[in-house]
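Below you'll find the structures, each written out as C-alpha cells.
Look for subunit A in each of the two complexes below; its partner is subunit B in the first and subunit C in the second.
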Partner chain A sequence: MTSTLAQLLIGHVALGLLGITLFVMVTVSLMRNPLRIGLIKWSAFLGFIAFVASWVTGGYYYVTYYGKAVKPVIKAGAYPWAHNFVMEAKEHVFLVLPFLAATVWLVLWLLGDSLETAPGLKRAALFLSWTIIIIGVAITLSGTVISGAVIPK
Partner chain B sequence: MMGWYTFLIVMHIIGTALGAGGATISDLSFFRSVRDGKVDRSELDLLKTISTAIWAGFGILVFSGFGFFLLYRIQSPELGLIYNPKLFAKLTIVLVIFFNGLIMHAKVFPLLGSFVGRPLFNSDFAKRATIAFTTGAISIISWYSALILGAWRGLDWSYGTIMGIYIALVAAGIIFANIVGRQVIKKLGANQL
Partner chain C sequence: MEHRQKAVKSFAIGAVLTAVFVAAVTIAAELVPPLKTWLADTFTHHWIGKSVLAAAIYIGTSIIIFAVPSAGSQEQARKSLVALFWISWVVVAAITGFFLYEAF
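And then the complex of A and B:
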C-alpha cells in the first residue's frame, strides 16, 4: 500500500468517526434544555461534511486499490464472508448516511429556530439523528470486521 | 521522537482514565447529591460537567482505539491481531458504554432536572429512579471491565466466557444499585416524616 492510500484509509476512518461524533453532539444537544441552536446547526453541518469527505476518501481507496489488492486477500483467507457479505452490505448501506445527514443539517439549518416551539420537529430531528448514529456505528463495526479479515499469508 | 504506537498508548490511557475516573466520580456525586433528599442546580451542573469529561474520555478512547486498528492494518496485517475474542469483547463493552451514555442523556438528566429543588423521597421519584440506578451501574461496571480487558495481557478466554462474566457482573451491579438506591430513598422518606 502506498503512503497516499494509507493516508486515504486513515482519513476515511477518522472522518467517519468524526461524523458520528458530531451527530452524537447533535443528538445530546437536542436532548438538553435549553437548546443551543448554534451548536446544533454547526455540528449537523460539519457532520454532513465529514460523512461526505469519508465517502470520497473511502471511495477513491475502494475504486483504485481495494478491488485488486484487498478483496482477493480476504476471499482467499479464513473469513471470506467479510467481503462477500459484510462489504457488500456496507457499500450499499453507507450510502444512506450522507443523505440522512444532509436532511438533518438542512432541516436544522433552515428551521432550527423553531425547535423550541415545535416539539414535533425536535422529535423528528432527534429520531433521524439517532438513526444516523446507529447506522454510523454499524458501518464502523463493518469496516473493522473487513479490515480485520485482511490477513496476507 | 514519540512514535505513533506510543502516542496511541498515551491517548488510550488518558481516555480510559477520564472515562473510568469520571464514571466513578459521577456515581459517587450522584449518591452524595441525593443523600440530603434533594438535588440542587449546582449538583446537577456538576454531574453534567463530569458527564462532559466522560464523553471527552470516550472520544479519545475510541479515536485512539481505531488508531491501533489502522496501525495494525497498515503496518502488520499478517499478524491477524484484529480478529481476537478479547478485542471483540472490549468493542462490545465500548458499544454498551456508548449507548448507555446516550440513554443517560435522554432519560436521567431530564429526570434529575425535573426534580431540582423538589424533595426526592416520594413514590414518583422512587419509581422513575430505576433508570438512574441502572444506567449508573452499567456505566461504572462497563468502564472498569474495558479497563481490565485492556490491561490484562495474555488473557485467552473466549468471547462467550468474557461476555458471560461481564453480563453477570452488570446484572449483579444493577440489582445492587437498585436495592441500595431504593433503601436510600426510603430512609430519606422516614427521616423527613
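And then the complex of A and C:
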C-alpha cells in the first residue's frame, strides 16, 4: 500500500469517528434544556461534512486498493465472511448515513429556533441523531472486524 | 416559517426515497448481474454508481417535492422525519439480512 492510500484509510476512519462524535454532541444537546441551538447546528453541519469526507476518502481506498489487494486475501483466509457479509453490509449501509446526517442538519438549520416549542419535531430529530450514532458505531466496529480478518493462510 | 417546514418535509421524503433506492439497487445488483455490470461500466465501479445515483436521487427528489405546490406544516415535517427514522431501520435490516443470507 502506498503512503497516500494509508493516509486516506486513516483519514477515512478518523473522519468517520469525528462525524460520530459530532452527532453525539448533537444528540446530548438535544436532550438538554435550554437548547444551545448554535452549537447543535454547527455540530450537525460539521458532522455531515465529516461523513462526506469519510465517504470520499474511504471510497477512493475501497475502489483503487481494497478490491484488488485486500478482498482476495480475506476471501482466501480463515474468515471469508468478513468480506462476504461484514464488508458488503458495511459499504452499502454506509450509503444511507450521509443523507440521514444531511437531513438532521437541515432540520436543525431550518427549524432549530422553533424546536423548544415543538417537542414532537425535537424528538424526531433526536431519534434520527441516535440512529446516525448507532449506524456509525456499527460501521466502525465492522471496519475493525474487516481489518482483523486480513490474515493470509 | 412555512416554507422552511416544507423544505424539511421535502428533504426527509427525499432521504426516504434515497434509502429505499440504496436497499433496492444493492439487492437487485447482486441478484441481476447485468445491473451490477452496467453500474460498473457506467461509473467505473458499481459502488461509485450507487453513490452517485443515491446523491442525485436525494437532491433531485427533494427539490422536485419542494417545487410541487403544497402547504408546509410542522406536523408534516415531523411525520416525514418519523417515516425516515423507521425506513432507515428497515433499509439497514434489509441490507444486513440480505448479505447475511448470501454469505452463509
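In the analysis below, the second predicted complex is superposed on the first by the 151 of 153 C-alpha atoms of A that agree within 3 Å, B and C clash if a C-alpha of one lies under 4 Å from a C-alpha of the other, contacts with A are read in each partner's own complex, and residues count from 1 in each chain.
Keep this in mind: a contact is a pair of C-beta atoms (placed from the backbone, for glycine too) under 8 Å apart; a residue touches a chain by one contact, two chains touch by 3 or more.
Since the model is a prediction, treat every value here as computed from it, not as a measurement.
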> With both structures lined up on subunit A, is it a clash or a fit for subunit B and subunit C?
Replying inline: fit
> When the shared chain A is used to line up the two structures, what angle, as a multiple of 10 degrees, is there at the CA centre of subunit A toward subunit B and subunit C?
Replying inline: 130
>> Once chain A of both complexes is superposed, is A:G148 in touch with subunit B (first), subunit C (second), both, or neither?
In response: first
>> By the touch definition at the top of the document, which applies to A:G59: first (subunit B), second (subunit C), both, or neither?
In response: second
>> Output check: A:A76 vs subunit B and subunit C. Expected answer is one of first, second, both, neither. What do you get?
In response: neither
>> For A:T103 in the superposed arrangement: first (subunit B), second (subunit C), both or neither?
In response: second
>> Per the contact definition in the header, classify A:A14: touching subunit B only (first), subunit C only (second), both, or neither.
In response: first
>> With both complexes superposed on chain A, which partner does A:L121 reach: first (subunit B), second (subunit C), both or neither?
In response: second
> When the two complexes are placed on top of each other via chain A, what is the minimal CA separation of subunit B and subunit C in Å?
Replying inline: 18
> Same subunit A residues contacting subunit B and subunit C, which ones?
Replying inline: none
> In the complex formed with subunit B, which residues of subunit A make contact?
Replying inline: 1, 6, 9-10, 13-14, 17, 21, 24, 27-28, 31-33, 79, 133, 137, 141, 144, 147-153
>> Taking the touch rule as given, give the residues of subunit A at its contact with subunit C in the complex, in rising order.
In response: 55, 59, 62-63, 81, 84-85, 88-89, 91-93, 95-96, 99-100, 102-103, 106-107, 110-111, 114, 118, 120-121, 124-125, 127-128, 131, 135
> Which part of subunit C faces subunit A closely enough to touch in the complex?
Replying inline: 1, 4-5, 7-8, 11-12, 14-15, 18-19, 22, 26, 44-45, 47-48, 50-51, 54, 58, 74-75, 77-78, 81-82, 84-85, 88-89, 91-92, 95-96, 99-100, 102-104
> Of all residues in subunit B, which touch subunit A in the complex?
Replying inline: 55, 59, 62-63, 66, 69-70, 73-74, 77-80, 82-83, 91, 95, 98, 102, 105-106, 109-110, 113
